[in-house]
C-alpha cells in the first residue's frame, strides 16, 4: 500500500464532504449524539497527531497543547476530555483555525511518511485511516441531523446521489441449514479488534430475506396502528414511543396529509420504493413482530451475507454487542476503541449509502444504542 | 401434585415473610424498582383472581373492580396500570383490607380447586405459584431496601439465617472442553417460556471458578482503587460510578473506618468470608477486568453448572437477555411475562439465599438491568 | 394564660385531627410539599423537646437522639436534616412509637410547666403553640392531598363540616381612600416576627370586593377558554399551565361531563356557590386579568380587612413576601422561622376553613410559592 | 429628534459590537439565557419589520416569512416562536444572510422615515430604538459568556475600555429622611411602561452607601467562609449554592492559588478595586447579611439616586418586580414587553458599563431572576 497516497485520499475525502457546508453549519450540536462538524475535522487530525506524530516523529512540535483538551473524544487515557454535550458550545477554535491545524498536521504526516515506517506504526496508520472513514460517515449523518432539524430545511447538496446497489426484487427467503458456522474475520487486511477471533457458532436452520423493508411496507405498519399497539414492542421500546411521542421514522413529516422526508436535497415526498431508514432498534423489532417475523442474529446475518446484496442500510440485528471468545482490549488508549462499549448496545451489520467505499466488510460489527435513529439504519427480516 | 396443598403452602410462605413487618413497612417505596410490600401481597392475589377465578370459576364475584387498577403490574393487556412510581403514594387499600382480599380469594381458590381442573388451568396455576415465589424473593429484597435505607437501620428479623450451601474452598478452576452443548429446559416439570427450546450452542474451551468472589476479595479491589480507575469499566459503567459516586456495594457503610453492611439483623461488621453481594453488573465486570479474568456466558454457566454448588447468589453473566431460537410469546396477557423484557438486560444464573427453595434450576434465566443492585447478586469468574 | 391548659389543648387538637386516619395514611408523601402525617406529629413534638425541654428542663433525658435527625425540618442550625423528599420513604419510627414519643414529651412538658417559667421561655412556648397550629393546618391539607390522590378517593371524615363564616352576598366593591395606612402588628399578644415593625404605607385610592370568587364564577373562566389564552397569564404561569397540562383547580375531576371535586367527604359534585379553592397564584392572577381586574396588595388587604368577613380561604395577594422595614432575624434556630423564605414567594392573607380557630389575625402573613395549590387558597378581587 | 439619524446610529452601534466576532461566535448558545449573537441581530431587525414596516409601510414586501418563525422571541401574539433553548441549534440562516436581511430592512426603514411619521408610529420607533439598545447590552453579556466559557479563553477585544464613572471613595453612608417620596417616571421623554404611573411611597429613614462593594471586599466574604455558612443565605439561595457548588462570582477562576477573572481582554488577575460583578441576587443578599446590612429597596434607591454616582453595575435591590399602581398592559404584542414578567424576579436599578450611553435613567427598572449572574450585576449596601 502506498501510505502517502492512502493518507491523502482519506484526508481529502473528509474535506470534500465538508465543502458543501457554510461556516455556521460546522458549529452546532443539536443533540448529544451529533457532534459539530468542526469537532470531527479537528478530532481526526488530533488522532494522527497524538498517536503517530507525537510518539513516533522525532522533533515534531505539537501544534497547540490546548487542542488535546478540545479534540479528544472518549480516550480517557489521554487526558481530561471536553464533556461531549459541551462540544456545541465552543465557537473557538474557528473553522479556519482548524483547517490550519489540519494543514500543519498533514504536512508533518507527509514528511513522516517519506521516511521508514515500522510495522507497528503502519498498523496505527491504517487504524487512523479507518477511524477517519468512520468520522466521514458520522459527518454525513450529523450534517443531515443539523440541517434536517432546521426549520428552513436547507439542502446539503442538490447533486447528492446515493451509490447504486442492486437489490433485485425477489421476495423468496434464503434458506440456511442448521449447523456450525465460522464467524469472525480471517483475512490478511485490516479489521477492528471486535471482529477478531474467528470462532464456531452453532445455528439452527433459518431463513433470511434477500430484500430490505421498504418505505411502502413500513407505511403499512404505521397505517395499521403499529405505533399505538404495545403488543409489538419491548416494554422499554413502548416507553420510548410514548415518552417521545414517536409516530414515524426520523425525518418523516406529514405535510398536507402526504408523507415527506428530509433528504440531502431538502424536504421531498417520500420515496416509497426506497428501503426504510432512520429507525431505532425498537422500531425494527416492532415492525418484525407485527409481520410475525424477527430480525436475524449477527451470526445468521454473517453466515448468509454472501447470498444477498448489502450496503444500503446498517441492518439492526437481534444480537447484543458482546465480545467474541478470547477478545482482549489492546493496552493503552487504542484499547478503548471498542471494548468499553460492549454493553447495552445492539450490533448492526452491513454498511449504508454514506459508508465510505471499501470501509465495511461482511464481518464488520457496527453498534448503537437501541433508541438511536440518526444513522442510516434499516430492516432485514428473518424467520 | 396436590394443587390445594401447593396453593396453601405458597400463600402461607408469603404471609410468613411479612409476619416480621410493621404496618408502616408495607407502605413505602423508596425507589422505583422497590415495590411496597402491600402491593406485592395484593398483586399476587390479583394474579389468581384475574387469570384463574374470573375466567374459570363460574359465578365468581370479583372482590373489588378498583383493585384491578391498583394491583396490576405490567400487564398492558388487562387494563390501565398504576404507574409504577406511584405505588408508594397509595395509603389505601390498607394492609388489613388487602389481607381481607387475600382471604376472600383464598377461599374462592380453595373451592375452585376442589372441582375438576383442566390441564390448561393447571398450567396457569403452576405459573401462578411460580409467580408468587418470584414475588416472595422480591418481598425479601424490597424489605431489605426499605429497612436498610432507614437511618435507624432496624432489623427485619434477628433470627434470620440464610440456608446453608457448602461451596467448599477449592480455588482450582473447572476446565470445560470445546464443543457443542445442549442449552435450555428439557424435563417434564415447570419452566418459564424463556428457558424453552433446548438448542445446541458451540463453546470454545473455557474454565470457570467453583467459588464465588468473597467480600474479602472484593475489598482488595476497592482498596487497590478499582472504583477510581476507568480502565476496568465499561464507558456506561464509568458514567454510572461517577454520577452516583459509587464507592462500594450497596448496603456497605464505613463506620469509624471499619466496613459494615446492613443485613436482616441490622448493621453488622462486614463478614469477610461471605460471597460479595448487592453489586451491579458494571461492578461484576469491573472486578473481573481488574483480576484479568471475565464473567462466564450463560451458556458456559449452564454447561458447567453440575460441577459446582450454586444457589447463594444470582450470578451475573456476560450474556444479554435474548430469546432462544424459536422463542415465541404466548398470546394474551401471559405472553407479556418475559418476552417484552428481552432488551438491554443481562442474564443472571443460579439462585440466591432468598430464592424460595425449589424455585430455581440450572436452566433458570433471571435478568436485570446492568445498574441494579438490590437483588442478592454475586460474581463467579471465568477465563 | 394557663400554659398547661393551652399546651394540652393544642396537643389534643393535633391528635383529634389524626384520629380519622388509618396507620397507612400516616406514612406516605406523594409530593415533596406534602409531609407524611407521622412526620408532622413527630416534628411538633421534637420542637418542644429541642427548644424547651433540652435547654430549660434540668435533668431532662432526651427520648432518642436519632429522632433529632428524623424530625428536624429546615432548622439548619440544629443538625443535619433528613432531606425533605426522603420523608415518605421512612417506615420507622412507627406511628405507635411516635405516639409514645409524644406521650413522653407531653409528660415532661407538663412537669416542666408546673414549675416557674421565665418570660423568655414563655415566649418560646407560645411560639411552639402557634407552630403546632400551623402544622395542624398542614396536616389537614396534606391528608387531603394523600387521600385525594388515591384512585379509591376515600373520605377523610364523613362528618367534617367547615366552620360557618357569613360572607353575605353584596357585590359592591368597598372603596378605600388614598393616603397613609399603618401596616403591621401592634397589640400585646403573640405575632410572628414577619408581622412586626408596624410602619406607614402610602396607598392610592382603591376598591376591594367584599366577596370571594365562587366556583360558579371560576367555571366561567374555564368555559371561556381561560386556560388556553396566554394573554391572561404571566410568562412563567403560562409555562406552568402548558408543562403541567393544567385545566382546572386541584381536586377537580370531570366525571361523565360533570365537574366534581374531592372533599373531606370523598368525591362530590362541585358546590357552585362555594368560594373557589386549591388554585395557584398563577391561576388567581389569570382569573383577575380575565375579569379586567387585579389582586389586592397585602397592604390594601390589611387596610380594608375590617370591612369584610374573611377566614374561608387564604387569599393570594399581589405582594411578594419581603421583610418589613427594620425586620431582623432572631439569633439561632428560631431565627430561621421566617426570614430565610423571603424570596420568590407570594403573601396570602386571611385564613382558611382548616386554620385553627384564633390562629390567624388581620396582620398575619402567610406565604407560598406561586405554583402551589394544595392549601385552601382563594381569590378576592381589587381594582 | 432626527429619526433617521437616530435609527442609523442605533443600528450601527449593534454592528460595531459584533465587528469583533468571528462567524462561529455568532452561532452558539451555551445556556438557555444566552442567545446566539446572530439571533440578536436578526431579532432586532425583525422587530422593526414586524411592528413598523409590515403594518405601516405601504407596499412593503416581507423579506422572508420563515424569518418570522426564527427571529420571534417571546411575543406569543405574533406566532409560534422557536423554543428558546433551540436557538443555538440553528446554523441557518447564516450570518451573511442575516446581514443581508438587516440591509434590506434598513433600506426600507430609511425610505419609510423619509415620509411622514405619525405620533403613534414615532412612539413605536422609539420603543424599537430602546429595544435594540437592550439587545446591545445583551450582546455584550452573551458574547462574554460564550467566549468566557471557552477553554481557550479568547479575548473579545483587547482594546475594550469600560466608560469612566467616578465613584469617589467616601465610605460615609448617605442619610435619607423618613417621609413620602414620588416614585416613577414623570418627564417628557421615553420610558418603558413599567416606570409609568408616578406615585407616592412612604419610606422610613434609611441610609445608603455612596460606593459599590469592591472585589477586595467581596473576597473577604469568600475568605471568611461566606459560601459555606447557611445563616447568610435564603433557603432557596442555599440550595442554589449547594446544587451548583458555587464558590465565587461567575468568571472567577483560582489559577495557581491566585484569583483571576475572565474579562473582555481574556483571563486576567482579579482587579481588587473594581466593583464586584457577575453575582446573583442570592449572593448580593448573603454578602449584605454577612455585613449585618441589607440591600436597598428600589424606592430607596430611586429616592437617593441623585446623591451618588451610578452606572457601573446593575444594582440588585430587595424589591420584587411588581406593577406600579395603575399599571396596565398595552393591547397586542407590545403589551407583552414587560407585564408578563412581573413575577418571581427582582428589580435592579442603575446601569452597567455595557449599557448603551443614555439608555438608562434613575427611574429605569431592570429585572432578572434571583439566580442569574451573566449580567454586570453589583451590590450597593443600605441600612
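In this document, chain identifiers A, B, C and D correspond to the written order of the chains, with residue numbering beginning at 1 in each.
We adopt the following convention: contacts are C-beta pairs under 8 Å (C-beta built on N, C-alpha and C of every residue); 3 or more make two chains touch, one makes a residue touch a chain.
This one's a predicted model, so the numbers in the text were calculated from it and none came from an experiment.
Taken over every residue number at the interface, the positions common to subunit A and subunit B amount to over half, indicating a same-residue contact. If you average the CA atoms of subunit B and of subunit C, the two centres end up 45 Å from each other.
Put simply, the C-alpha centre of subunit A and that of subunit C have 57 angstrom between them. Subunit C and subunit D have Cα centroids separated by 37 Å. Residue numbers of subunit C whose C-beta contacts span two or more other chains: none are found.
Pairs of chains in mutual contact: A-B, A-D, B-C, C-D.
Within the complex, the subunit B residues that touch subunit A are 74, 76-77, 180, 199-202, 204, 206, 230-231, 233-238, 281-282, 285, 318-320, 322-323, 325-326, 340-344, 370. Listing the residues of subunit C that touch subunit B in their complex gives 22-30, 38, 66, 69-70, 82, 86, 88-95, 146-147, 149-152, 154.
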